[in-house]
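Chains: A, B, C, D and E, in written order; residue numbering restarts at 1 for each.
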Amino acid sequence: MMALGPLIALGLGALAAMLLAPKAPPAAARWAAGLGMAAAAALALTRFGLPAGMAAPILADDELARFGTLLASLSGLAALVYLRPAPPAKEGPALIALAALGGALLSGAVHAAPLFIGLELVTLSLIALFVLPLTRPALEAGYKLLIMGGAGAAALLMGLALAYAATGVLDFAGWMPGPGLRGNPVMILAAGFLLAGLAFKFALVPFHMWAPDAFEGAPAAAAAFAGAASKAVVAIALVRLTAVGLPEPVWSGGLALLGAASILLGNFLALRQESLTRMLGYSSVAHSGYIAVILASGLAAPEAVPFYLLAYAPALLAALCVAAHLGADPGIEDLRGLAWERPLAGGVLTLALISLAGLPAVGGFIAKIYLFVAILSAGAWLSVAAAVIGSALGLYYYLRFVVMLFRRIPPGQDAPLYPVHAPAPPVRTAALPVPDTAVLAAAGLLLLATGLYPGPFAEALSVLTP
Amino acid sequence: MALTALIVLPLLGGVAALLAPRLGRDAERWLSIGLLAVALIALVVAWTGAPPEDAPGEQWLAMVRYQYAPALGLQFLLAMDGLSAALVAVSLVLGIISVIVSWNIRKDSGLFHACLLWTVAASNGVFLSMDLLFFAFFWELMLVPSFLLISIWGHGDREAVALKFLVFNAVAGLGLLAGVFWMAATAPEITFDAFVFAEMGIPPVAQVWLLLGFALAFLTKLPAPPLHAWLPDAHTMAPTAGSILLAGLLLKTGAYGLFRFPGMLFPDGFHVLAPFGLALGAFGTIYGAVLACGQTDAKRLVAYTSVAHMSIVLMGLAGGVHFAMMGAGVEMIAHAFSASALFLLIGALYDRVGTRDLRELGGLMQTSPRFAAAFAVFFSAALAMPGTANFLGEALVITGMFQVNWVLAAIALVSLVISVVYATRLLKRIIFGVPSRACVTQDLDWAELGPIVVLATGTLLFGLLPQLLLVVLEPAVDAALAPLARP
Amino acid sequence: MIDLPFFLVASLVLAVGLFAVGLFGLMLRRGILFQIIALEIMLTGPALAFVAAGAHHGDPGGQGMFVFVLVLAASEVALGLALYLRLGRLADVADSDSVRTLRH
Amino acid sequence: MSWAGLFAVWAGSLALVAMALAVTRPNVVHALIWVVAGLLSLAAGFFALGAGFAGAVQILIYAGAIIAVFVFVVMTIDSGPEAIARERGWLGTGWKLPLALVVLVLAPAVFGLAATAGPGAPTPVSPVALGATLFGPWAVAVEAASAMLIAALLGARHLARRERAP
Amino acid sequence: MSLSPFLALLLVPMPAMGAFLLLGLGPAHLERRAVQTVGMLGAVAPMAVMLPLGAYCLAGVCDGVQPIFDLTVGDAVVALALKLDPLSALVGVTVTAIGACVITYSVDYMAKAEVPDQRRYFALMNLFLASMLCMVLAGDSIVLFLGWELMGLCSFFLIAYHVTSARAIAAGRKAFLITRVADALLLAGLLLLFLEAGSVRLDALIPAGIATDEVRRGLIAALLLGGALGKSAQIPFHTWLPSAMAGPTPVSALLHSATMVAAGAFLLARFAPFLQAAPLVMAATAVFGAATALFGAVSAVFQKDIKRLLAYSSISQIGFMLLAIGLGAPEVAIAHFVVHAIFKSLLFLSAGDMTQMARGTTDISAMRGALWARPLAYLAFVAGAASLAGIPVITAGWFSKEAILAAAWLAGPFGVLLWLVAMAAAVMTAVYAFRPVFVGLTRIDRPRPTVGGLFTNVPVVALAIATFAVAPLVEPMVAFLGGVPPHPPRAVELLGAAAPFLGMVMAAALTFVPRLSMRVSRARRLRSGIRIDGIYQVTFVQPFVGLVRWLTGQKGGIADPVGTLPILGAERLTAAVVRPFAHDPLDRGWSRFSAGLVRGWAAGRRLQTGRARDYALALAFGLALILLIAWGTTWR
């Protein structure tokens, strides 16, 4: 029963938030959901290191599940902190808690039912979160996710159904390639459909179309959850399915192909984006691609994917937190001089962007090294080529934004050489609220910690993969 | 831990200094001084702590090893012996001095102090890293703040000069990088640990090539002719603090590299290439001294004397004998003090009169006796007067040269004679003569006198009580020479 | 090579067909309401496949999954129609091509 | 080869045709009627496959409740002759590429699956067994499915909130 | 460190050093009186310490070493120490005494200077004295060299004391440069000895030097000789000394008598046991000494300037000392050193007093009527001149010079040759010594005799008395140093005694016979000595200046050619690589590539149409692709 603790905490948090929403002050719902997620994270954290088992007959309770739960809860908590749609939405906290619940469910899924339900719970909650501001871009983002999500869900279900038809069981364990299943065309088709369905949630090209729109139109918090938590738990589901051994070369080949395409197209389309959030949307596509090619190259380094997630999630959360602070859909010009005006925001955004770019001193660098080690040792030259080109492109556009953070003066003006009393430039951005500061600081510290001292993290994460 | 603080503190302090101007006037300056002072304490802690148990040699005073990403061969490995400790101490002191002498810099002063701190951090990283990946990283990192210092706060044609500095050193740094990665690639399992490389048994031919690559980087920083062309320009155009750090720290990193690695990693290569190093040093010391005699810009003059003195260091390092190596170590420290002080003085002069042209200066003796006295003291140091640490260094190098080759010793002695020409020329033009149009009315103030006194104390203390320095350097020299002993 | 019974194979083919028809509708239609209908049709495909597979294996799991599919369909309809109505106040929802402020 | 199986296939084929018609009708009411027809056909097929519970649920909830919601919505919008004409006009264009893609999706499935056909009959599954599964080992999933509904309802409620019109 | 009487050795240079630090580098502001007091105390206190030490030495315990501290460099131990032996005791007493006199004299002499200048003056003078004491008392080569080298530095600053005078600065640079050459030679020699001995103690160096092989021994000895020649302004390094008269007169007094110039002789005396193991170098020392003695004396005769005259006189007298050392009689040389220190400082101080009266001009003619104008100074000068010329029996100069001549005579046939040269030099010495004396006798109508201040007169009188008082002490001194006073045949001695009188006659002739005095004043060629300056100018200075001008691009060439070399090379290389791409296709390619990339991006972003239908299309496309691949893999 203890194994279900995090799920129960999330569910209770969601329920309490939902019930409190109509009458109680808005802060109460937030606290309820937040406490639920914090409790879930704490429970998941305390369970690290316990022997693996089953939380329920269809739900695993192993390190991977705990890691996914932790990541989903913490991302949810962070997103909750800066979820402030323009008309205050009382449903928000409950929805985030529900999304985190879906994530927790998905990360423990070893069976078709929780896989599907977890995924759809996340998707539906996200749709609801996307539309919270009720503005036209938000509604449009929700609508696109609804349509695409439905189609993706159908494809996933189709895959599950076909696998079920071929094997008669819904447990992943039953899909292990036995003597009867090897080369079974039904199973192969099932793998194809499954891949398409998960690729949609993972925002791999060409199933990625919703992602940049969602990042741009939706509230930053919702986009952050979509980019960080849901991506992480889907990655965990992919890890589990990869470990099962679905028919090859469809699974790995397809993943590599989609991954390479995502790296190239995602990075390419982000190249000169002016909007910070949209750039992050495309970059999230590219990062999905990186994770996909790691997965496709087999799991030689077990900590590679978890580490990538650990480095990626805080970077995205921090970047979108800053974006949320800058107003709806901030452009590159809005970032000018931010590092001087708001050092913490600018600094952590810098860290986040250089982590995403894969530069040293932050977690992204180590993650990139894992990526290259994985694909090089697997000899996946297509992926290597894509990753190299993608990283080069990425360096360009991430640094574009970073440089802008430090440019104080618009082009054409020059500061006097020795101003005796430099008038302080007017501060355009409001001060950060305390919780946002905490989120940013935590994310920045995590990025630095994973970048500067990755040893313990890598060690802890290496036991995750079954 | 204290060792890590020596690098991390200024590194993060730089970031803080970037933001500190928001806290109040001069906050960044006090912050920088405070951080460097704390780093000095950390140095003392590391120095006096118990010697590390897992160190691969007896000379190491402190050591830190974090496995960074063991699967990828990345680790954070710092080790400090007497030489590194002395150089780190010098770097911290010079850092504080740089802050003090730049008190009137107002343009982007947050970034300025960040650059100062980062320079200190990166050079400390160079002095302490025994993991060559980190060494190379810090080596390249050092260029960035210096580049900014010159290109933003410099004088004259500062941007072109900064670029020249950057191009020279970055291109030369490639030799180091290539060597490091080659060694890492040929190691039995991927690593950048210098101690592992030292025991790896690199084939002699490879050693020659690797040493050439390393030496390219080190000699450019040193700088030895003909790779010195960046130095006079960079010193001349840099702000005072930049010149101090360039002369006091950056040049020392090159010498440090030549001190530490050739003997440790490439003993066979050293035996092949040492004669060339000696020849280069002998040429450089005369060449730098002769060119110094002809300069009209005071800073350029001092810059060329740096070439001459660092070439003496090169001779000492390439000599491969105990005396010469000791001399090189002492001369490194001594030159850090004396050259920094001369740059400080000339910078202070420039701040007052707006020119460094020797033909326009003069008469300091009459108008500002403290200035003149300070010049005279460091002029004696540049001359290697007995009683200054510079004399100790040069005498030891010359002694060593007598053991290696008398011709080299003779050349070093000739450079001693030429030093009289340029030094008296400097004095004649600056402190003697009739007070000129560009004449100084304001004598040194406390903010300048303080650093001067510190530097003078260092120069004279180590000159009169050299044992303080020799005791510290001796184990490092022994360890550096041990692999060179032919069986 | 295992042999599946004809009814199952035919049902699976029909299921994929239903899925394809829904997908076709999704691509073809511009009205958002039609797209939601097409989405419902897409979901019936896997539903059929689950039920048929459950029938073949004599396993309640198939119908169980069918129930979940139904729940999903219901949820999507609820959310979709609400979205449709809301969006209708701001845009021409009969022509989804006009709902494209987010692009490029 | 069983009759029940054959019947199920026949019913499924009917459903496919009905659905195909549904997605091509310009009038939304017609389309909904065809959807209902398709759903009922499928329900018949479910009965034939021995999945009585599924069939019943299909009729009650899907064809009944869900389509009813659609009808309510349809009643709120104006679907006059011009709208229908416009829909018809759009239908005439732009169907080729989607059709080709659908064929490409279908082809592998049909040919890949057709290779495996053999004899066999459907096995009925009792609602009791189904219930035992759903509320036994799958209880967590069922709870989560309810959470899914809640999420959808929360979203719908928010969207439907009138006073917050922008 | 046990408490030994030799601990006092450390105290000898300390007061002077302290005075230097206080005056030269101390940040506090001092009044004129305070400056003078500190300066004078710094100079007098060493004497106060040194005299008891000398007495202690005389009492018999005269061989002690006071270690300072030890340095270890590898296997070698650098043990710094001060040493008291007869040589250092005698010379130390002399130096402290002379130093005290000269600096005391300066109080009056410099009274009119500005306070900062005065402060600088006293600081440097004290440092000068301290350096010499370090050198004299040194027990090891490092301290010896420290003193030796610091003297060079001080002499530079002191000669260039009149900082606004270009001539003074040039003279200072010249002095510093030439002595620095000597320093370099000495340093080389000392370091080589150190390498031989593995120690820097003089006690160890000399035996080690003797023990080494002949070539090396000869070389080291030659290097030491070179160092001494340079510092003592002997041929061919003598050119700096006459120019160095640009400094104030007390500076010259100290420089010539007891410190700097005499240091070379002291050095050779110190290393005499070692030099004696290198006969060739010994012979060279004697030859250089004799030649310089004669040359200096002849040149001095033709000088018009009293200070230049005294400068050449110093050159000549040190030549005598070197001659004695070369002949193997270093004790005699040191005795002459002591005597010379007394009379030379006396001469300078009294001449300075007289010339100051003549408003700073130092021409000999300015001394006209000095007897009447400044009787005390004149008489003191006469006493000094008598000693310099070696008036028999009563003056100390006679005893010491006679001993040198005797040593030469006794040194065999080669020695007789040198004796002849030295005799000629002795005659010339009397000539130039008495020429100013006779000039001073000429009567002019300057009725009012004046006497200088207390600080002027006390040292002058003391020194004048000393020139006579020391006369009977010369032989004991030689004995004290461990030598045997040489006694030649009586006839030779008489010849030596006659020499000064011959010189006096010639001097009188030159002064009072107008025809001769005219010729002397016209003999410009002889006056400027051997034109070795010109040779230096042509062989060293001009090529060096040319080299500097060439290397710094002042001759139209490239500045810093070697440094520019790699830049030019890189440019050449770049040009060579770039030429095939003359129109810069790489760059254009790059810009086209980047422009294409941007265009491609602009086109590519249209993929994201924003239409849900198209998104579904993409989805279907992806699904079809995957399924087709999947289907493809089912084929066998």
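Assume contacts are C-beta pairs under 8 Å (C-beta built on N, C-alpha and C of every residue); 3 or more make two chains touch, one makes a residue touch a chain.
Keep in mind that this is a model prediction, so the values were computed, not measured.
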item	value
Subunit A to subunit C, fewest steps along touching chains	1
Pair of chains joined by more contacts [C-beta pairs], D-E or A-D	A-D
Chain of greatest Cα-centre distance to subunit E	D
Where subunit C and subunit D are represented by their mean Cα positions, the distance between them in whole Å	6
Where subunit B and subunit C are represented by their mean Cα positions, the distance between them in whole Å	72
Whole-Å gap between the CA centroids of subunit A and subunit E	80
Residue list for subunit B, restricted to those that touch at least two other chains	none
Overlap residues in subunit E, where contacts from two or more other chains coincide	605, 608, 610, 612, 616-617, 619-621, 623, 627, 630-631, 634
Multi-chain contact residues (two or more partners), subunit D	97-98, 101-102, 105, 108-109, 112-113, 115-116, 138, 141, 145, 148, 151-152, 155, 159, 166
Inter-chain touch pairs (all)	A-B, A-C, A-D, A-E, B-E, C-D, C-E, D-E
Parts of subunit D lying in touch with subunit C, wherever the complex brings them together	1-2, 4-6, 8-9, 12-13, 15-16, 19-20, 22-24, 28, 31-32, 35, 38-39, 42, 45-46, 49-51, 53-54, 57-58, 61-62, 65-66, 69-70, 73-74, 76-77, 83, 86-87, 90-91, 94-95, 97-99, 101-102, 105-106, 109-110, 113-114, 116-125, 129-130, 132-134, 138, 141, 145, 148-149, 151-153, 155-156, 159-160, 165-166
Residues of subunit A defined as touching subunit E within the complex	143-144, 147-148, 151-152, 155, 183, 185, 188-189, 191-193, 195-196, 199-200, 205-207, 209-210, 212-213, 247, 249-250, 253-254, 257-258, 265, 268-269, 271-272
Of subunit E, residues touching subunit B in the complex	24-25, 27, 69-76, 116, 120, 142, 145-146, 149-150, 153, 156-157, 160, 163-164, 166, 169, 172-173, 176-177, 180-181, 183-185, 187-188, 191-192, 194-195, 544, 547-549, 551-552, 554, 560, 562-567
Residues of subunit A touching subunit B in the complex	301, 343, 347, 360, 366, 369, 373, 415, 417-420, 422, 424, 453-455, 458
Residues of subunit A touching subunit D in the complex	4, 7, 11, 14, 18, 55-59, 87, 89, 91, 94-95, 98-99, 101-102, 105, 111, 113-114, 117-118, 120-121, 124-125, 127-128, 131-132, 134-135, 184-186, 188-189, 192
